[in-house]
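Here the structure is laid out as structure tokens; the discussion comes afterwards.
Chain naming follows the written order as A, B, C and D, and within any one chain the residues start at number 1.
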Amino acid sequence: MKTLKMGIIGIGRLGYEHACNIANRVPGMELVAVADANQTRAKEVAEELGAKYYESPEALCAAPEVEAVAIITNTASHVDMIRIAMDAGKNVFCEKPLAENVEKCKKAEAIIAAHPDLTFQLGFMRRFDHSYEVAKAKIDRGDIGDIILVRCYSQDPISIIEGTLEYAPRSGGQFIDMSIHDIDLIRWLTNSEPAKLWAIGGCYEFKQYKDWDDGDNVSCLMQMENDIMAYFFAGRAAAHGSAVETEIVGTRGTLRISAVPTDSLVEVMSEHGVCRECYQDFVTRWHGAYIREMEVFLDNVMNKKAATPNVSDGTKSTAIAFRCKESFLKNELLTMEY
Amino acid sequence: MKTLKMGIIGIGRLGYEHACNIANRVPGMELVAVADANQTRAKEVAEELGAKYYESPEALCAAPEVEAVAIITNTASHVDMIRIAMDAGKNVFCEKPLAENVEKCKKAEAIIAAHPDLTFQLGFMRRFDHSYEVAKAKIDRGDIGDIILVRCYSQDPISIIEGTLEYAPRSGGQFIDMSIHDIDLIRWLTNSEPAKLWAIGGCYEFKQYKDWDDGDNVSCLMQMENDIMAYFFAGRAAAHGSAVETEIVGTRGTLRISAVPTDSLVEVMSEHGVCRECYQDFVTRWHGAYIREMEVFLDNVMNKKAATPNVSDGTKSTAIAFRCKESFLKNELLTMEY
Amino acid sequence: MKTLKMGIIGIGRLGYEHACNIANRVPGMELVAVADANQTRAKEVAEELGAKYYESPEALCAAPEVEAVAIITNTASHVDMIRIAMDAGKNVFCEKPLAENVEKCKKAEAIIAAHPDLTFQLGFMRRFDHSYEVAKAKIDRGDIGDIILVRCYSQDPISIIEGTLEYAPRSGGQFIDMSIHDIDLIRWLTNSEPAKLWAIGGCYEFKQYKDWDDGDNVSCLMQMENDIMAYFFAGRAAAHGSAVETEIVGTRGTLRISAVPTDSLVEVMSEHGVCRECYQDFVTRWHGAYIREMEVFLDNVMNKKAATPNVSDGTKSTAIAFRCKESFLKNELLTMEY
Amino acid sequence: MKTLKMGIIGIGRLGYEHACNIANRVPGMELVAVADANQTRAKEVAEELGAKYYESPEALCAAPEVEAVAIITNTASHVDMIRIAMDAGKNVFCEKPLAENVEKCKKAEAIIAAHPDLTFQLGFMRRFDHSYEVAKAKIDRGDIGDIILVRCYSQDPISIIEGTLEYAPRSGGQFIDMSIHDIDLIRWLTNSEPAKLWAIGGCYEFKQYKDWDDGDNVSCLMQMENDIMAYFFAGRAAAHGSAVETEIVGTRGTLRISAVPTDSLVEVMSEHGVCRECYQDFVTRWHGAYIREMEVFLDNVMNKKAATPNVSDGTKSTAIAFRCKESFLKNELLTMEY
């Protein structure tokens, strides 16, 4: 069995998760190379996972044994990293969002277009979550008829609010950082693009978001080009947990994914009633999806398949997220121009 | 529209509930007479509900305008009350349990047998709860095939433990007071009688039950004459609420009634997760069933229909409950003899 | 105990439900008078429920014994009926919507203002549903902190689609006929009015709605004056049932009402998985609310309390519904002007 | 990072699952050796997973590179395999049940006792399922107080009934093959052994079980030595799926594991109501547990920790299962003698 030799650039929280998955949980993948701005940590992780440590992204990408690179660095560096890796002839898996603005997304498009024989896959992992795969299969099979409405909620839990607030100023804001996942889901589920949108929101508890031209809770109604309705809501402090819920209302049925966001089958009967405890942590929530997207990336590379989500999904979702933010700031109904 | 003129004997907590239902919530019934050992309270309720107050059960039953009598007195007096009412030519609705022992049940049978033209109905109200009616209809329609197992839980909530403990010594014990409902359900759902049974339990928290030859939590496995398996569990201090759950496992499907015992459609998302709040009070739980059993009693009286649950259901459930208690005290597997 | 003597005008499907409740299920109310354009049916119902039949609304309102009138006629006649009843000195309970346009709502306001000593209550029954009462109490107690978002779904079931389509042309359309309930809930829950709104939708299955300047499924995002976000969705053909769901997201918790719209506690385990069966009929869904709103009306009349929902709630919800329809037809973001 | 080099003997359905997990999903484990009576299949799997093929268990166990052996052969061969492996100085992981009778279990005990420095772990994987781990942690933390009752259901789905019936005659019967899992859970959760037990059941649909001295559905009530009550039920043809449910009722709360047995967070709203689809396959249900038990085995071997479930758990669960079967066949209440 031929394996794919992977390098990883960036081993923060999520990068480490990916590194462990590549090393140990994706049959057919092998972790051979690690690089990170924090060199001490890079060495440590390389040693732990049996990979080689490289001093720089350039050095890692220059290594002949590396066949593909996972880029899990900060958003601002994504396009540079893509260029370095692809120019060195490596296949690329890149975390979302593609870049911090549309111009840079287009640069990424150009780089990737210049390497048509290399695989590029973007890290919108929700598409690879088991429940989303189940739902998508049902939709594609026609179980719920034609889609009428897609509703998406994404909420971080109050239990991690300190980290959330600390990260907020450099996050890009709700639409770019958080809702971009729902924008991707909406595009994926509806096979369409938003035609018009109106985003609103506010600072319902954490007034500091005002200083960042942002809200702690926002939402947006979209009319898709094919007339499907889409609504998303994003919040930073849900009492119950890390709550990503998606609903697809169709003419023949409705699917609701993760109305109760839990990875346990335990019901607790206590003085609070009959309760289900929820995810407090997004990495736990998406653990399987992070593995599954790597399995699909592996298949795409090995079998030269067209990968999705691709760079265009990255550009479009970024453009839409920025348009949402503009609508939110102006409080105006906006059209999308592509 | 002809109405049925009802008298009520006994207006404690549950008696008052029945009185209000008869007066105001059962179309075609009218409350005309009230009697209670607590004469002050009887006068008060009579006035409130527009009925006449009587000094004694005998006086109430002698009143020509009274056509039927609801007996909601203490268990020990049931058979006397039935005799007084029937000898006065009144139809009778009597709360469960029929009597405090099998001998007295048989006396009731004799009284009722002597008045074949009068309706007698026993107050096993669970049969008339909407969810139980839905489940029974599905079973009778064959939706779940043949019945394999009936599982019944009855739990009082910890929130009312003080009252529970105060009442316990004169309650007759778990089997007679509480499990008799499940015994009735099992007989009703299986159309059969227990052939063998083994009951166990203990004092898991409230040691005083030992002094009353009882347990705070007990359970019993029964083999029915038609080989259906039945299991019931009864507890006095459930953390979450007044929890009566019944499950019917069939060869083609399973029905579970009230796994989450609530009368509200509200889900609460809080730091405890996603929760449903539960009944704390059995009268609230069975509000609809108390009305419905009166509607059925009305129909039985007006249209001379054979009423169920009938006196035989009372005798048999009492005999079984006593046999369970005997099994529990001896820790032996016992057969039922009919 | 003094009773309130009620007359009812209009005994169609919902009128008959109200008539039965008034006659038999609301302690302290008495049904004494019935009128309907269908005189045969009016006589029949009057006889069945022990009330007197009147040939016309005027005749009924002229009857001295009638103290209050329930108006359950077609929407176009509501204001006339209110005038007739109030000019005759009767308290009025009127079904929603108040009228078929804002101008007529204002006429109703003038009539009611001219009779300050008479009670007027509008039939937005959802406020009186047990689950909504539970949720409102939690909100008022501060359990979920400040409100961020209210989401409302109202869907009729596919099982009654023939009747739905037949009624559609004269219904006033989704916003006026159906979403007005959610508009009322949003106003009630947020204690605020919409400042801006954008409504979209389409004919996803039933193209005939196009001919009626309507959609078979529509939705609307609203920004309330106090910055709360509100989103409602209305559909005519849900596969699973009569599905009215409301969610209130707060800074400290979230409440979700009727995500699984059922009146039974039965879970069915079958080849379809673990299922809960849903309401197919709105009268069944709101049975308790129809009784409860009459109990509150009774209390308001007897104790001269200020009734809500009042005429102003009727005018405002109608104005908002029309503005939603205008937004839908123009596909524009609109402000509300009060 | 030192890895543990594993050989596997037996690569049927479940053996192959274990082989894949060892090869690819358990960090720190390596699959180096494969043997199976079906030599063609053994070669195939060895090649696929990058391991070496051996002609016999003896040959595999003689290989110096093999440090530990996973035994996933038919039950009758378990003890022989344990002997071969341990005599060759290998650590052993053995699938449940330990052996097909108590005498052979005792032989296994003797073999293992003769190799005190080798790790032996038995494959009761349910203990390692995430939901069971969550529940156990809550219990150990005292969240539900003292345990009153443990209720266990194990049902195979009707969707696989053909395979179930084919395998049945050589399965050992419900108690040995299926309920042994629940017996293990009961012992683990209660920290106690059954003192008395009564098992019943029958052939509710598949009369052929009679020929095998078995029932298609059976159940058993147990009184544990510490007075906890335990009840288990096993069936072969649940309509909804592979349904393993466990409930622990305590004096301060109740935990219910997998009342809705699903690995998806998708709710389906259709003409059947609001449904959750269920597992049809036990390997899918326990996928994570099979990995987790290997992780724990790895830790036990590497760090010389006392492994559980151990050989004694195998003997005791087998003895209890046989006693249940005896009770079922005699329809008698039996005591356990240890």
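Just so we're on the same page, contacts are C-beta pairs under 8 Å (C-beta built on N, C-alpha and C of every residue); 3 or more make two chains touch, one makes a residue touch a chain.
Remember, it's a predicted structure, so these values are computed and weren't measured experimentally.
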Label of the chain whose CA centroid is most distant from the centroid of chain C: D
Contact-richer chain pair (by C-beta pairs counted) among A-D and A-B: A-D
Centre distance in Å when chain A and chain D are each reduced to the mean of their C-alpha atoms: 38
CA centroid of chain A to CA centroid of chain C, Å: 42
Intercentroid distance (Cα basis), chain B paired with chain A, Å: 56
Chain A, residues touching no fewer than two other chains: 238-240, 252-254, 256, 259-260, 262, 268-271, 277
For the chain B and chain C complex, residues of the former touching the latter: 1, 20, 23-27, 48-50, 130-131, 134-135, 138, 143, 252-271
Contact footprint of chain B on chain D as seen in their complex: 144-146, 148-149, 151, 196, 198, 200-202, 204-205, 217, 219-221, 223, 227, 229, 231, 233, 235, 237-240, 249, 251-254, 256, 259, 331-333
In the complex, chain B residues that touch chain A: 158, 238-241, 243, 259-260, 262, 268-278
